[in-house]
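Mind looking over this structure? Questions follow.
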Amino acid sequence: MIEYVTGSEFIVLMIKIFVIFGGVMGALAYLSWLERKLMARVQMRPGPTRVGPFGLLQPIADGLKFLFKEDVIPTHSNRFLYIAAPIVSLVPALLSFSVIPFGPSLQITDLSVGLLFIFAVTSLGIYGIALGGWASNSKYPLMGAIRSSAQMISYELSLTLSVVGVLMIANTLSLAELVTAQQSTWLGIIPRWNIFLQPVAFVVYLVSAVAETNRLPFDLAESEQELVAGWHTEYSSMKFAMFMLAEYANVVTVSSLATIMFFGGWTGPMFGPALLQMALPTVWFLLKVSIFIFFYVLMRATVPRFRYDQLMRFGWKVLLPLSLANIVVTSFVVAIS
Amino acid sequence: MLEKWAPVLIFFILVVGFGVVSLIGSYIFGVKKPDPRKLSPYECGVQPIGTARERFSVKFYLVAMLFLLFDIEAIFLFPWAVVYRQLKLFGFFEMLLFIAAILAGYIYVWKKGALEWER
Amino acid sequence: MGAFDSLWLIPILPLIGATVNGVFGKRLPKNVIGTLAAGSVGLSFLISLRAFVAMLALPQTGLPILRDYFTWIQAGTFQAQFGLMLDQLSGLMILIVTGVGFLIHIYSIGYMSHEEGFYRYFSYLNLFVFFMLTLVLANNYLLMFVGWEGVGLCSYLLIGFWFSKKSAADAGKKAFVVNRVGDFGFILAIMLIYRTFERVDFQSVFSRVEDVSLFPVEPLGTVGVLTTICLLLFVGAAGKSAQFPLYVWLPDAMEGPTPVSALIHAATMVTAGVYMVARSAALYNHAPGALFVVAVVGVFTAIYAASIGLVQTDIKKVLAYSTVSQLGYMFLGCGAGVYAAGVFHLMTHAFFKALLFLGAGSVIHGMGGIQDIRQMGGLRRHMPWTYRTFLVGTLAIAGIPGLAGFFSKDAVLEAAWSHAAYGKLLWAVGVIAAGFTSFYMFRLLILTFYGAPRYSEHDVHHVHESPSSMVVPLIILAIFSIVAGYIDIPHFLTPASLETEREAVSSSTGILLTAASTTVALLGFALAYLFYVARPGLPDRLAARAHAMYSILVNKYYVDELYDAIIVWPIVQTSRELLWKVVDTLMIDGAVNAVGRLVRGSASGLKHMQSGYVRTYAGWILFGGVLVVAWFLR
Amino acid sequence: MIQILFFFFAAIAVGAALNVLVQKHVLYSALSLILMLTAVSVLFILLQADFLAVINVIVYAGAIMVLFVFVIMLLNLPEDEDGADRLRWLKFIGIPLGLFFLVLVVTTLWNLEANPGTQPQLVGSPAAIGQSLFTDFVLPFEVTSLLILIALMGAVVFAKRDL
Amino acid sequence: MIPIGWYLILSAILFLIGVLGFFIKRNIIALLLSVEIMLNAVNLTFVAFSLQHGKISGQIFVFFVLVVAAAEAAVGLALVIAMFRNRESLNVDRSNLLKW
């Protein structure tokens, strides 16, 4: 043990962990800024401008504000669960980053079951929502929590099934191997990305991912006009911040997964000096992810919300059969080729 | 083997630590001015009526149940997909049979109206 | 697909028909049921025909055609395949079964049109055809036995088709029980065959019989074991083909619908015994003793049944005894070693006896159910087509030259004559039986169709010709009854190893024999004419004069009564007095009741364990589980 | 190191399992159970069964326990079990019996002198499991689908009022 | 390396806790939870033996146990709902009609 901890490998690992953790936390903070700014642009508003240039210091100000806000715990709530819920929500959301490959070597650990690991930890995130709503002992949060968790598990199904088609082609559950499998090109130009082989799976994945993260047009859980703020209506200060952080983390996770599975992860054209070559994959990766995030925000700004029955019907009666059909067709094609 | 998992454990401790520390920080730095109105459940400004612990439609249970059973199926699909190229056509047909059985259940559920949210 | 690749379709098609009709028949309209039933058999006939024609084109060495479909039974070294075998013999048989069967299906559509259980009838009939084809096409004794039992079952079902009528139900039971006696012989024969040859398929058995050194002969000796096998097989054949003394079920089987009598009890099932003997020719040829028994039983049955037929008054009973008698002929032919003659007669008999039965059915249909020929007469005018075809049938069975029956009967008698030891005697008895046949058939014809009507218009409202669906099959069968004799069946069949070596009957002797049998046939006709046309009072006076003889004949030699006294009555009495009152009531019921009391007594004590609380049940489970673990870890 | 991990997570598992029994409100019991099975999953990892560990979390924590939590939240039970326990005597039989069982097992295992350590060569990778599951265990696998089908139908029939 | 006996003892302890849960708890959902504890304990033995014997089949069994657990949970909880509808209570001791 001592050798392990003092070994150079361990030090590299710790550096990786802190780089990724810090980077992710920073990115999540600035995601809120990005979202506010973009939304405002779409609505012909300037967005945050006061704190720092272009409001760039806004997230820091927000964070400080959260820290100093009064922490309200409603009287009739189940105190222990009420406090535990935000952590239960945040920890799985952040834990996913331990296996995501941001670059060829910028990955904390490459598990042989990496993809399933992400599914496993995100499936735990549902407890944060369910318990948060329940522990508040209030009507809107409970309603929002139940709705939200039902929605999440409904779409988690199609999300899980849509991935199977990709796995049939790649034959691995390790995220790093998933990326390297897409490294080569067809005809020297077209990258060998799975999006070209599994377009249906990608569409199903994308829709499910939006629903899974409770974002518009699937944000039924917190639809402001009906449920105030959904499961976190009663939450304030740092606990609220943690719910928000978890949501953004989930957005980044599903976007990263989409990049890894369908868009070749960190692969991309290589050029320039050695130092640049080291950084390029991570740049490509972040670029692809940010396109997804951009898309998310635009969706939020433009698409109207579903009705709950439409939402459930869409998930169960359209996406689920579609993903099953995709599996059957893919397996047939793979089997005969 | 375990070397692969050790970083996960470290990261886990880090993340939990972050959560706990920030909660404690908020507890320390936060203002505390409790007042019964503030601590009562939010109900758009009016006095809360009745208990919040209401019973919900059984449909939510049905959704969770369906999810559970389909999830089991998905779990079988993962190892299958990973070894699919070795199994060849045999794998295709055995999974076809499996999916057919599940599909029968799906159609049953659909026909029984368990997927309807309108009513 | 080659002609032989579709061999399996031949039996399967009727099975499909039977299944569809049996399962969905209740909801189908009658014309669909009829079309389905007749169509499946008709299709089967066409496939059979194609296979038959293709088989004719093959060289002799290419036969038989064998198809193994799957291993049916596998137990230790014992193996039975589900396999079919096609050679000249089975090819001929499937043509007869499907061809005659098809015509009778067509006929039945008209005949049964007003029946309640229309679908049930056709389902049974199709099932019967399936089993019969299985029997005929089987490539081993065990599968043959399946068909054998299957046709027995269908026969039982069809005889008892009008099961609400006690006599019909009883007749069905009788047929079943009597057949069981024969089947028992067959089962024993199969066991002995397996024990001797260690195989049950025809090919291996027949090839091993040639090589005597291969099979164990203890304790019976080579000839002894073969004779035993053959005799046991013949017991089976006698049961199915209604030979003395197991013929008693067949006349009673006339309780079934008439087309059934035509199909099962004249043309197909009853010939299964003959087919089996002919199929086992390779065995019989090595067991001359058994062969002689076959001949003697055959000829005895021929004359015995014919003599009963002389005095019967029920139109179907006459034909039934005639059938028994003709089956005796077939066995005579086989027993004399000329299997081809027996099979030849089997074929011609299938045509004309089916024709006669269907004709009789047509008469009964027209008369509104009356079967007693004493109440008929003069039907010639009302039912011209029935009359004409019936006449053809009569001429054919009586052995009038030029028709089918003449040739085949001649072949049989010639075979009998050529028998080494008792040829002349067998021939003489056969000829007398032929005379009897001729007499009772013409008697039947005259009493039914000639003279003045003896029925009252009060009983029979409107005597009418039958619908065309019934008449057309009659005409077709009549044509076959005429032309079938010209087909040289004996020559065609001989290659199928059906022949023993014998000196051929010289042509001059042959002509003499033919002349003699023809004379006897004409004599029978003349006598019938004398008795029932020229001097109508004569039969009664003769009956009065030879009263004892007459009553013996009318009462069928009191065989049924004898069976009743010797077999049925003792069994019934033993069952009632000993088995029921002592064994069942006292011992079995007593034991059962005692067990019941014990259980109830202990249960009323133990029931308190069933508290209804899940957790106490779990407690018991834990208790048991811990005991088990403790047992293993002790 | 690995022993420390084992004892740590074994302790969590046992503690959580005991907590399932101790808690008055069944929702807390369910949450405690989730903790327990997560600990068991970690033990699976120590036993080189990575795939099963992840699957265990996905199926148990992600699906089965969600179902439990849903039902508990839907039915919204009162905290205490009503009425006196009429079957209190069961504890006095069940607990000693269970402890006897435990003593039996533990002594047996403890006395197993030639107690070999676990062998490290076997890895429960998804590919290995898939290979075995879809070739040697095809029949159970297909039968499983029937089990799921029947469970589906049964659950719908029981739970849905207006059928 | 950890001796397999440790795993088995741990599994036995967990199993025993599940069994005792069956005797102590009266809430039917708690009983189902106890069953899940027992199933998990059994899974642990399966995996331990799988590693011990170097055979993957032990892990396959766990797979099937998971399926059974899922089916049991789905049907069992459906029964719970049906029971609650009729009795407004989840106390198993109140459902004791199934007796002599």
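In order of appearance the chains are A, B, C, D and E, and numbering begins at 1 in each one.
One rule holds in what follows: contacts are C-beta pairs under 8 Å (C-beta built on N, C-alpha and C of every residue); 3 or more make two chains touch, one makes a residue touch a chain.
Every value quoted in this text rests on a predicted model; they were computed, and no experiment measured them.
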Q. Going by the stated contact rule, which chains contact subunit D and subunit E alike?
A. B, C
Q: Compute the centre of every chain as the mean of its C-alpha atoms, then state which one is farthest from the centre of subunit C.
A: A
Q.
Need the CA-centroid distance for the pair subunit C / subunit D, whole Å please.
A. 68
Q: Quick one: report the Å distance separating subunit B from subunit D, using the average Cα coordinate of each chain.
A: 18
Q. How many angstrom lie between the CA centroids of subunit A and subunit B, rounded to a whole number?
A. 15
Q: Would you mind pulling out the distance in Å between where the CA atoms of subunit A average out and where those of subunit D do?
A: 29
Q | Residue list for subunit C, restricted to those that touch at least two other chains | A | 613, 615, 619, 622
Q) Which parts of subunit B, given as residue numbers and ranges, touch two or more other chains? A) 5, 53-54, 56, 58, 60-61, 64-69, 71-72, 75-76, 78, 82-83, 91
Q.
By the touch rule stated above, which residues of subunit E touch at least two different other chains?
A. 19, 22-23, 26, 63, 66-67, 70-71, 73-74, 77-78, 81, 93
Q) Okay, what are all the chain pairs that touch? A) A-B, A-D, B-D, B-E, C-D, C-E, D-E
Q. If you look only at subunit D, which of its residues touch subunit B in the complex?
A. 2, 45-46, 48, 50-51, 55, 58-59, 62-64, 66-67, 70-71, 73-76, 120, 123, 126-127, 129-131, 133-135, 138, 141-142, 144-146, 148-149, 151-153, 155-156, 159-161, 163
Q) Quick one: in the complex, what on subunit B touches subunit E? A) 58, 61, 65, 68-69, 71-72, 75-76
Q.
Going by the contact rule set out above, which residues of subunit A touch subunit B in the complex?
A. 4, 13-14, 17, 21, 66-76, 83, 86-87, 90-91, 94-95, 97-99, 108-112, 116-117, 136-140, 142, 146, 150, 153-154, 156-157, 160-161, 164, 167-168, 171-173, 228, 233-234, 237-239, 241-242, 308-309, 312-313, 316-317, 320-321, 324, 327-328, 331-332, 334-336
Q: State the interface residues of subunit A toward subunit D in the complex, per the touch definition above.
A: 1, 4, 81, 111-113, 116-117, 119-121, 123-124, 126-127, 130-131, 134, 142, 146, 149, 153, 156, 171, 173
Q: In the complex, go through subunit E and note every residue touching subunit C.
A: 19, 22-23, 26, 31, 92-93, 95-100
